[in-house]
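Worksheet: the structure to be examined is printed underneath.
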Amino acid sequence: MSSEALSARDAIGAATFEEVMAMPAPPPDTLLTSLAIREFEFGELWNRGGITRKERRLVTIACVAETGEAASVDAHVYGALHTGDLSIDEMQEVVLHFAVYSGWPKATRLDAAMTTQWQRVQEERGDATKVPAPAIPSNRLTFGERDARGAVVFDEVMTFPPPEPDIPYSEVGVRGFVFGEMWDRPGLTRKERRFITLACVCAADAATPIQSHVYAALNSGDVSLDEVREVGLHCAVYSGWPKASFFEAVVRAQWARIESEGGPRTERA
Amino acid sequence: MSSEALSARDAIGAATFEEVMAMPAPPPDTLLTSLAIREFEFGELWNRGGITRKERRLVTIACVAETGEAASVDAHVYGALHTGDLSIDEMQEVVLHFAVYSGWPKATRLDAAMTTQWQRVQEERGDATKVPAPAIPSNRLTFGERDARGAVVFDEVMTFPPPEPDIPYSEVGVRGFVFGEMWDRPGLTRKERRFITLACVCAADAATPIQSHVYAALNSGDVSLDEVREVGLHCAVYSGWPKASFFEAVVRAQWARIESEGGPRTERA
Amino acid sequence: MSSEALSARDAIGAATFEEVMAMPAPPPDTLLTSLAIREFEFGELWNRGGITRKERRLVTIACVAETGEAASVDAHVYGALHTGDLSIDEMQEVVLHFAVYSGWPKATRLDAAMTTQWQRVQEERGDATKVPAPAIPSNRLTFGERDARGAVVFDEVMTFPPPEPDIPYSEVGVRGFVFGEMWDRPGLTRKERRFITLACVCAADAATPIQSHVYAALNSGDVSLDEVREVGLHCAVYSGWPKASFFEAVVRAQWARIESEGGPRTERA
């Protein structure tokens, strides 16, 4: 809508809100609901292309769950489940993946939202089915096998060698749980997992993990530079401009690094 | 009160609490309510000069809304509206400005607090007036006009040239919404907007935005070095000492940079 | 349990949950409660040695209170008080210490949890005793005496000289309140205070305070390198892997610095 007047945004935004959130748009009675939510968030942001609506869901849910704002978490989980953009099995994986990148307490809030909003969606469908048990069982390896598997998956996901298992964080935390179990689960594609990860490291804004995950997303070829930049704008709205500003600076630096290495690993292969 | 004994603080703090929060001080029955809240927060911090009480409100509301603690958000918004330090029209602008720097989900919490606390204040006055519609309409430019306006306002506010509109974050996010619309609104002075911004970038602690906004606040001449340092102490109490420590390190570095450039831009002009 | 299959974790985790949290483990009906909570958080993490259960409590309460998730805060405070791992007098000090490193609004949430969970524990014991008044009175020095005391305590705790009292943050905030009052209180040992501090600076992830507190913890000899690394893994679970990753990078760098200085100060003395 690049040549139109901005005044068209409100009507577009109200319609888009209804489609994405599966509930009526809030009346434009405060500056936040009118200018920020109806006009900008739904009138501009959610109408953009660049990444799929499912991918915007993954980024949004991670950002919103990171804030811990219960009403917003509930609303976005409801929208994702009601529209079918995320299945309940996928949502289970989103909660686990989010736990790793934002911690168990905030994930507990997201897990509760999954349960209550799933029940709401099911009741509206006249179906009383509870949240089904996790579709994919947890790991049944020995600890030694898990460590070896974690090293392999780390290399595949991060596109550089895994850390030595010389401290508890690296051994149990990184090689053991995160790459030996979580990233190895098939319930979400690797590309989908990257969108959750990018949103979480942007929100956490710890310098080194943003660098390594932005690098890995781009260098693996899973996510294009344009897609990462859509994530940056999307995170600005949900996590605030300062976090997005830092994220974008990292994207520029990591892309320069990848170009200096001859482009993404997949293209070189 | 520099030569008095610290033991005078509790009585001073209780009186100051009542004045600022427009409700009785909590009894000193836990270590937090006695030493931290009555004695330090209200007995020392809120009795300091350096910035106005309205400016302390802007910093406080931003810091508290950033934590998402509903009861504290409600209490500070109530105090600001009840005392008249912030009008309801100004509070609308605070919510929008805060949304940009801390994200929509936390701003939604602040927006709800504005509505409920305004109703409470009005009921106490025997007035049933709802929150009035935003006093200033949103932008009616075309997208191209907004981009041009954003570039001008960016330069004025930040005191350095705007980014090229080459990625979605810079084009739609920075030049479009933040500087082409939000910072251009007249509902708060530019100096007032800077206090909200400083508190938000301190809380977010993303390295580059703290640097650029501290630099801009000082280099524009809108906020003096002494005022920025009051903000640092104030943020320590509401966002924690680690965030304030990093903020103060940035203030020292950016002030040194401004001095090496010959002092604030306004003084040079 | 290094040679066993990971499948033993669920039963171990359920038993450990009951012991630590003083309530039945959640049923394994979502991926979060099964794999993340029962199997990893309680089946692996809380069964590790390296630091005491009381020390894990201090780290956990700081991390969880930093997220602001009310239900999780209540649950962990209940567990700590019910088991007696923390006395009510110690818990009062934890709240004050946490306020300094994460700010008053989140500490207000923790203070409320202390009061409600203490009442719950007391009612279960058939005792109606309220939270007792703070065992240790606040400071009765003059402001000048406090500043001098703060300088001494800063040097002892941080193992390097205090900042000049040339700005409000350093004078009133650091030398005055944090070291002239809070760190000087005898209600927790200095080692215990360090665990709370490490968890808070990890969660805040502001670059310089993590560096100085990790350095001080190690250089003082109060906390060993192995203990700090247990804290890193523990914080991964409660604050997310990105924060822990940055923390661990700081630990490596600060330990290298201490080694280059000839080892921890206590060993050199």
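To keep things simple, chains are lettered A, B and C as they appear, and every chain counts its residues starting from 1.
Definition applied: a contact is a pair of C-beta atoms (placed from the backbone, for glycine too) under 8 Å apart; a residue touches a chain by one contact, two chains touch by 3 or more.
This structure is a prediction, so every number in the text was calculated from the model and none was measured.
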| query | Taking shared residue numbers divided by all residue numbers at the interface, is the value for chain A and chain B over half (same) or under half (different)? | reply | different
| query | How far, in degrees, do you have to turn chain B to put its CA atoms on top of chain C, rounded to the nearest 5? | reply | 120
| query | So how far apart, in whole Å, are chain A and chain B when each is placed at the average of its C-alpha atoms? | reply | 29
| note | By the touch definition above, chain A meets two or more other chains at residues 68, 205, 207
| field | Residues on chain A engaged by chain C in the complex (per definition of touch) | value | 68, 92-93, 95-96, 99-111, 114-115, 130-131, 133-134, 138-144, 146, 167-170, 172-174, 176-178, 181, 200-201, 204-210
| query | What does chain B use to touch chain C in their complex? | reply | 1-7, 29-37, 39-41, 44-45, 48, 50, 63-64, 67-69, 71-72, 205, 207, 229-230, 232-233, 236-246, 248-249
